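Naming follows writing order (A, B and C), and every chain is counted from residue 1.
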Amino acid sequence: MTWLYIFDLIGCGVFAISGAILAHEKKMDGIGVLVLAGVTAVGGGTIRDVVLDAPVFWIHNPSYLYAIVLASVFSVFWLNRMKSIPAKALEAADALGLALFVVMGTQKALSHDVAISVAVLMGMITGCFGGMIRDVLANRVPLILQKEMYAFCCLVGASVYVLLNPFHHLLAAALAFTTVLLLRLAAIKWRWQIHVFKYDD
Amino acid sequence: MTWLYIFDLIGCGVFAISGAILAHEKKMDGIGVLVLAGVTAVGGGTIRDVVLDAPVFWIHNPSYLYAIVLASVFSVFWLNRMKSIPAKALEAADALGLALFVVMGTQKALSHDVAISVAVLMGMITGCFGGMIRDVLANRVPLILQKEMYAFCCLVGASVYVLLNPFHHLLAAALAFTTVLLLRLAAIKWRWQIHVFKYDD
Amino acid sequence: MTWLYIFDLIGCGVFAISGAILAHEKKMDGIGVLVLAGVTAVGGGTIRDVVLDAPVFWIHNPSYLYAIVLASVFSVFWLNRMKSIPAKALEAADALGLALFVVMGTQKALSHDVAISVAVLMGMITGCFGGMIRDVLANRVPLILQKEMYAFCCLVGASVYVLLNPFHHLLAAALAFTTVLLLRLAAIKWRWQIHVFKYDD
């Protein structure tokens, strides 16, 4: 599906930009930008494919690397001129990329005949683990371990997908995509958080 | 072997609890608990399987994920009520899990026809690398790199296994298990440490 | 090719020493030395092989593990007696190891029929990602993300290799090797850096 593939590349590009921005914040330079952009964009999908023992998706299709390099170059020029990238635009694009990654990750896992709980986990890994590695490389506690609505949106969206998929493939994908997107945007807008621990302070 | 499988799930659960406790300490929340619990429990075995190019053990058996979720939920409830989990009980359970993981990891590696030195390493990776990733995600220097008796117990136990295995499978497993367990408990009780560097201070 | 294999083991040993030195700096002990030495030496190649879905190179040839153990033991004795390892000698040896790793990584990737951009990336991963994991385990921002000439040398050398390889295999390898080596030594000697961001301060 061509439009899906284009969306996928856009998702990669947006994730790559978030990596490049962190590299800029941490005062890294050229290679730091490329590496953080790269792991954010393809880290989650790579772990998914390796664990599923599927061919890693970017090995036989270098378009993903080109998207990362392009997004990195764009980020460097933009950050040098404007000093920052508008947070709202980035968050919206990131939510879009996340929604796509979760649906495609869950789909790919199901096509490898895994249990639905494993498929849901794979959807979350595809969406979140790239950003987690990005944060580890920048030597900070991963955001997704603290602001849990990010990964929570993935889990809900992936669950929607696996539940509806036996009835209608396309509808399942569309609804799961919408769920992640809206839930994520709502979580950003109204600052939703879920607290499981009662801390004294 | 059913009892081995049950022990394995218990090992996963105990390792998961140690991940959940660190998430609590670091003031993470829901997803942080699940992710730290998950990587601690299955991280080592996942790396072992990926490196051996064996199917990742939890991909076609979601029981491990259920054990992690169960242990996480238990930890959250317990920590909210009691504020801490008794260190001694946890250490004993952790030593039990460690002993099991080391034996099973070494065993699995040997069944892939690797050299015995590689099998010993795989036993250590199975037992220790989950906790190492847990510590990296929580942004601290991994404990096993500092308190070396942890990984050292794994190396000794795995060596016992590979040396006795040609003579008697079950005896080798039983003795290796006992070695890791007793060595680890002794190291905790008498605060054994091995120093290879002479630091001036 | 025997001399290539011997060089490869030397490369492993040198990388292992750099891991052991960091373990010493961070006041780690026995296992910390072995683990940091090990991930620095074989981390990059392991990621390359896992992503290419090739058998991990050290699984069926434990010589690499022996080289790591030997280098670790040597480092411990040396550091205990001399307190430091001469920086210049180590840098030269490291540049040699890097040049070898890049050529072999790119070569291996090409033999798996990947696009040349992917092969260049694999050359860089083989040379740099071991040191990156070492730094993450020692809880510091990876050096290669900051001093970019390190990874940049790999990218240039790997590019030389993929461009010349269709014409003459051995010449391509020799020139790529020389490129990485000289570029890296020049970057150290004249403190070359590439800045892509204009920071205000």
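Basically, contacts are C-beta pairs under 8 Å (C-beta built on N, C-alpha and C of every residue); 3 or more make two chains touch, one makes a residue touch a chain.
If you're wondering where the values come from, they're calculated on a predicted model, not measured in any experiment.
Student: Given which chains touch which, is the overall layout a line, a ring, a star, complete, or other?
Tutor: Its topology is that of a complete graph.
Student: Rounded to the nearest 5 degrees, what angle rotates subunit A onto subunit B on CA?
Tutor: Here the rotation carrying subunit A onto subunit B measures out at 120 degrees.
Student: From the mean C-alpha coordinate of subunit B to that of subunit C, what's the distance rounded to whole Å?
Tutor: 29
Student: Among the residues of subunit C, which ones contact at least 2 other chains?
Tutor: Those would be 50, 53, 136, 139.
Student: Help me check something: in the complex, which residues belonging to subunit C touch subunit A?
Tutor: Touching subunit A from subunit C are residues 50-53, 112, 114-115, 117-118, 121, 132, 136, 139-142, 144-146, 148, 150-152, 193-199.
Student: Show which residues of subunit A lie in contact with subunit C when the two form their complex.
Tutor: Within the complex, subunit A contacts subunit C at residues 23-24, 26-33, 35-36, 46, 50, 53, 55-56, 58-62, 65-66, 76, 79-80, 136-139.
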